[in-house]
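Since the structure comes first, as structure tokens, the remarks are kept for the end.
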Amino acid sequence: MLKLGIPAGSLQEATGELFRRAGYDIRFSSRSYYPNIDDPEIECLLIRAQEMARYVEKGVIDAGLTGYDWILENRADVHEVTELVFSKVSRRPVRWVLAVPNDSPIKTIKDLEGKRIATEVVNLTTDYLAKHGVTADVEFSWGATEVKPPKLADAIVEVTETGSSLRANNLRIIDEILQSTTRFIVNKKAWGDSWKRTKVENLVLMLQGVLDAEGRAGLMMNVHRKDLDEVLEILPAMGRPTISQLADDEWVALMTVLEESQVRDLIPKLRLSGARDIVEFPLSKIIT
Amino acid sequence: MLKLGIPAGSLQEATGELFRRAGYDIRFSSRSYYPNIDDPEIECLLIRAQEMARYVEKGVIDAGLTGYDWILENRADVHEVTELVFSKVSRRPVRWVLAVPNDSPIKTIKDLEGKRIATEVVNLTTDYLAKHGVTADVEFSWGATEVKPPKLADAIVEVTETGSSLRANNLRIIDEILQSTTRFIVNKKAWGDSWKRTKVENLVLMLQGVLDAEGRAGLMMNVHRKDLDEVLEILPAMGRPTISQLADDEWVALMTVLEESQVRDLIPKLRLSGARDIVEFPLSKIIT
Amino acid sequence: MLKLGIPAGSLQEATGELFRRAGYDIRFSSRSYYPNIDDPEIECLLIRAQEMARYVEKGVIDAGLTGYDWILENRADVHEVTELVFSKVSRRPVRWVLAVPNDSPIKTIKDLEGKRIATEVVNLTTDYLAKHGVTADVEFSWGATEVKPPKLADAIVEVTETGSSLRANNLRIIDEILQSTTRFIVNKKAWGDSWKRTKVENLVLMLQGVLDAEGRAGLMMNVHRKDLDEVLEILPAMGRPTISQLADDEWVALMTVLEESQVRDLIPKLRLSGARDIVEFPLSKIIT
Amino acid sequence: MLKLGIPAGSLQEATGELFRRAGYDIRFSSRSYYPNIDDPEIECLLIRAQEMARYVEKGVIDAGLTGYDWILENRADVHEVTELVFSKVSRRPVRWVLAVPNDSPIKTIKDLEGKRIATEVVNLTTDYLAKHGVTADVEFSWGATEVKPPKLADAIVEVTETGSSLRANNLRIIDEILQSTTRFIVNKKAWGDSWKRTKVENLVLMLQGVLDAEGRAGLMMNVHRKDLDEVLEILPAMGRPTISQLADDEWVALMTVLEESQVRDLIPKLRLSGARDIVEFPLSKIIT
Amino acid sequence: MLKLGIPAGSLQEATGELFRRAGYDIRFSSRSYYPNIDDPEIECLLIRAQEMARYVEKGVIDAGLTGYDWILENRADVHEVTELVFSKVSRRPVRWVLAVPNDSPIKTIKDLEGKRIATEVVNLTTDYLAKHGVTADVEFSWGATEVKPPKLADAIVEVTETGSSLRANNLRIIDEILQSTTRFIVNKKAWGDSWKRTKVENLVLMLQGVLDAEGRAGLMMNVHRKDLDEVLEILPAMGRPTISQLADDEWVALMTVLEESQVRDLIPKLRLSGARDIVEFPLSKIIT
Amino acid sequence: MLKLGIPAGSLQEATGELFRRAGYDIRFSSRSYYPNIDDPEIECLLIRAQEMARYVEKGVIDAGLTGYDWILENRADVHEVTELVFSKVSRRPVRWVLAVPNDSPIKTIKDLEGKRIATEVVNLTTDYLAKHGVTADVEFSWGATEVKPPKLADAIVEVTETGSSLRANNLRIIDEILQSTTRFIVNKKAWGDSWKRTKVENLVLMLQGVLDAEGRAGLMMNVHRKDLDEVLEILPAMGRPTISQLADDEWVALMTVLEESQVRDLIPKLRLSGARDIVEFPLSKIIT
């Protein structure tokens, strides 16, 4: 039995959707913290992303999904199986930055000596300061951290995507402490167990198969043999095309996989080179 | 003209969606109980699932979709064409159970002699009691049945999926009376009419084609001829694969249909056996 | 750089969705009237459909999407590249009609001489009256035009789809002034610039590729060679099928594209003629 | 202890509000059917209006609020303490009417002989028919009764306020069977118990005090003694004014209670007659 | 019969609420443009604020509520009965301003010569320019006017309350063209009719009575005769207090009307001067 | 200038409403943590209730509203001016309890020795354990604490009102650690400043004036002199009634303030004793 932590909260729905597309029917109930999954060898448990690494390290659960930031904050000794860049929305990593008021005299990390810093990630911030040989008073913040300076704190360490919330609060970024993405982590002892390791590797293979299919599409077309070389030259090396013989010996059918963002540039060229009856269709998984 | 009953209420949207995916553009209007359908040979009518069988039996409509429970409750003499397990949500059947308060002295059906039972399915309950030789006072309940014991009733017969509402009201299940799924039913005289029967059979063919595609996916892959036998052995008998010759004579392209729940187990094996460029794509209908 | 006008308001979301499916990642922000697009050669600008043609004509933007009605209302001299019938909802064109109260003595256009007409399209209405040699007082209406007769106006010129709003206000249609669909328009000077023209043509090719795939589906099946002619006869001429040779020489695989509304009629016939393992799958784009 | 039934559903919130304004802090919880009330001598129970009279008659509860229609439908032998016309929305009584399709040959009650009538109030309808010496097949309807004719029923007995739903379904009213308002009912045995009777009478006194204050307002003004008679003549007899002496012997202060709908007519007259510093203030209860 | 125009749209609900508090039960229906009012001598009609003055001037309606801005934009010749500053939200008047991009070379009205100005108020803008001897191209804007400069217009005339939307779009105010509040207007001929004039005056008396009570409260207190002068000195002249004799000759009861914003400052002073049992209560109308 | 902390989150709206009723127009903006208040001598700051006491103690703000629980959790040395039992919803104090799974062997506090306890109030829990001489591992919990036992914790300390969430998670209460209500706290140094102290006292006077009016109502009635003694005996001592002389010397008018919950008991008695024309009216503030 593999005990698997699913991140509760903002990542929950996206994770559920990813698993479902990977072939695992996972269901949440508003009344239970034990999501149902249709694999009798897996037991799911909803856990806050902030606490996930802690429970994986302790072996309360074997594996889980969480952010790289919270692995570090928990100073957790766990095995990272893979990075999951899942869902277009969060394709860019979140950034933890050190920020001060626009009109603060603080210019560099060194200026933080003896100052008060408010943050949700106390350990991460403390480790960062130690690395730079700075001693400061790091205070845990319950939220709304960005409104605390200058009255309630001299500086903050806060997560940001576009920086707009920082700007809205008249804050200036001094340094980027960390970029963080989602990780699939495993307890080290569990990783040493060969059954659990294979179980995890197969699960990750399917999750990555789904993510690799995101933003890609299948393309089918008919090509006259005389145009085949020109058409093949246009297609990117990556998408090894499958060429099938048609009943009419003069023509072949060609099937390939492309980035959706390439399609709009390639189709006009393919047509010019003689491709006909071009059809694009959606894909669910790609395993190369 | 085929007069077809669509179940109003909780099944309405799922039924509409099923028909649309089967190729019938059915539209509901909040103001009318006669949904529009783009087949001039079919006339649709919204009817409560509870009353459907009654009106099919009487010939007011030729055919309709309803639950097995309400067919029995109506004691209706109709022809069942097929069971439709449509939409993942309702894949498990609903259960009608007999329940009493946790601290009730009632332990078995026999203990119900002379007691008061509240339920929405009076006939079904009466028939069940008669079968067990028990006489009790069966009262029709307008709803919120599960809160009635012990003050307003000694026992209830109520529908349940997970049993959580029963537990929340401190009720204990004594017996399961019925499991019920959705059925496509036809009036017996209409079933004898060859035009109506063919019309129904073609409609059901498409509905089942959609339902058979639910939870299934297409899989394409390239296989070297030397690995073909091993790969074919892995694939389940059901999904007769289509094997096309590629331009490179050493390789073939293989296309098959699989249960989505199998995909997660088969892909690791297929890769081990030499399958390459595995691509999964969604399906809309399957007719074998 | 191509400056492209996106219609703000009711068409905005549908236009964004169309572009995304065509391979252009367009994003709206509630704070900006300059949507982001992931093509550095295109600059987008949100403009009301009512004003689009005015700004295309003046060259403030190179191209844009708007309704035929508003091109006429602005009396704009622009080049129409194509008609875009995009999204099932608006597949039928909107109609601008002349309407009067059911009990009005006005029967024909001629009876409007000297009357008061309320409308959002003052120029369009004035041109229409001039064409029929009628002089009337055309007043600009800020909205809710259909409730104005008979107190606030003798007649109205108003847009309608099903006519239900007119009927609900006891209005009778006297004449249809215009049918209007969405158009892709270009500034005449920009159309003369060969880089801008190719840019527009490739963009329109992809947009039409998406629209052509709407309401169509792919169909794959296996057919024995002896049944091939009969099966091919059933398929409509339009969907030139692709026939691939299978490993078993006696059988071929057949792939074709069909209207979804034909599928429900063709599948029963295909099965009777010997087609097996019929699979329907969704399409994203079709370029023939 | 007085066991009191509160009508669940559409009247629940209005009833709760009425009690709160009468000085009883009643609280509903989405999880419990036993509302809390801050009077230890009263125990509340949420019960459907349809079933209320049944449980009052049986003595399961001592008293309750329900509609006159459902008292009759249950043929319940209970004591009606008062009629509560509570909340402006429902100030006009609901009407139960007998309706048939516009084009039905049925013109009078007599024409119903042998016909099928669908209704939620089977007993009420049966009694009504018996009174007119008509025999018909009265069927219980689960709802959406007004869409049943002509296919599923020849006539219906249905509740209506404005008749608009009937008109929308092309139905014509043949007769009004009943007008119904909310009643406060008591079990007959409980009414004979002097403690319970006093408890109920005091509760009803407060509920009526609130309802009597609805739509009324207090009016204070200063009047010179010489104008007093003229001012008093203007005020309606009902609102016995309180006249206090002011420090300045020439003037008096006058306080009275008026219908809000009278205020707009009386204030201009009062001013003409010499009233000054007129102030209107809201009232919570009136007990005369 | 008085025909009264109620402004449709953003002012509709606030107007309805004002009338209801003034004693007129006005009801809107989503299906009708003729609101019901419980005064048989008044007929209401929903009309856009933009068009109200036009129809009052033509005599299609006798009276109506609209903004001063739209009276001017329609260049309507009507009688203004009163200014209604109704509802706290809109207590400050809306402002129409002339604005240009922050970095525009345009500094004064004179710099607009020959420029393009976008606005919803074409006439108001044209009149304003004429008054300053400037000629410019004034274009009607269908909305989102503030995002048009600098691409689609050189300057705009737009409504603003706090200026935040202008700042967000990098616009700078050059001049304020108009301040506008809500007005009660009457057709000049109707104003000459004595019945209609009295009807309007009484209606306006009640509307103003409600508005005068907004933000005011009643205050009652007991004062010993020896403290009376000191207490009276604290109270503002405006709120002529009513002084009643109490049973105990040494004490009087004092009732007065105050601004709510004064209460918090006066109560501590009143207590210091000997006022006791101070009670504040809400008011519905004040007519002095 | 008084710096005042307003509790962000669940108490925010209730606090804003309380201030508005006290005569202070306080406005929140979703974009700012500095609410506007119409008193130039007060500066407001939104702060989480959890952190309020910490910042008052440090003098970052002069005063604030927060819960007694969070004062203790912060071990803050501040001056408590008053307890504010504001808003009916939270009239009963929140309770922090120690709970374990129903089937846990833990029966008393002593059994917690060496166990793991999850809670949001680590200090409060640690102090409580120390008082009982117990050593345990107290872990900070990010939320959803009640679902942690038994897998993630042996016991929890959690806030509860009705205990229903605990029951739903099969938890049993072992001990109540604390009851907590809202407090108005002031920094000790600020309390020594006479301007700030008077400012706080006047503000609290108004807040308490509002809270004292909650649940109370004004009662006016006319009483014949012969019945006056009996009526006065019924009225509770607290509500010193005001007795005014009426024009008719035989009668007096009586005005008093009562608990709403008393009104329902007193009115029947008052009527029996001869009170007439009893009118109840709402109050906004009471300062005795």
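Chains: A, B, C, D, E and F, in written order; residue numbering restarts at 1 for each.
Quick note on the criterion: a contact is a pair of C-beta atoms (placed from the backbone, for glycine too) under 8 Å apart; a residue touches a chain by one contact, two chains touch by 3 or more.
Because the structure is predicted, anything quoted here is derived from the model rather than measured.
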Open item on the list: If each hop has to land on a touching chain, what is the smallest number of hops from chain B to chain D?
Closed with: 1
Task: Each chain counted as touching chain A and chain F at once - done: none
Task: Recurring contact interface, reference B-D, options A-F, A-C or D-E [over half identical by residue number] - done: A-F
Open item on the list: Between C-E and D-F, which chain pair is linked by the larger number of C-beta contacts?
Closed with: D-F
- [ ] Calculate how many whole Å lie between the centre of chain A and the centre of chain B, each centre taken as the average of the chain's C-alpha atoms.
- [x] 37
Task: Averaged-CA centre spacing for the pair chain E and chain B, given as whole angstrom - done: 60
Open item on the list: How many angstrom lie between the centres of chain A and chain E, each centre taken as the mean Cα position?
Closed with: 54
Task: chain B-chain C separation of Cα centroids, rounded to whole Å - done: 38
Task: chain B, residues touching no fewer than two other chains - done: 168, 244-245, 281-282
Task: Pairs of chains, among all present, that meet the touch criterion - done: A-B, A-C, A-F, B-C, B-D, C-E, D-E, D-F, E-F
Task: Touching residues (chain side chain E, partner chain C) in the complex - done: 8, 31, 33, 45-48, 50-51, 55, 60, 141-144, 147, 151-152, 168
Open item on the list: For a test of understanding, state which residues of chain C touch chain A in their complex under the given definition.
Closed with: 22-25, 38, 202, 205-206, 209, 213, 218, 240, 242-245, 252, 255, 257, 281-288
Open item on the list: Considering only the defined contacts, which chain B positions touch chain A in the complex?
Closed with: 88, 164, 217, 220, 222, 244-248, 253, 260-261, 263-264, 267-268, 271, 276-282
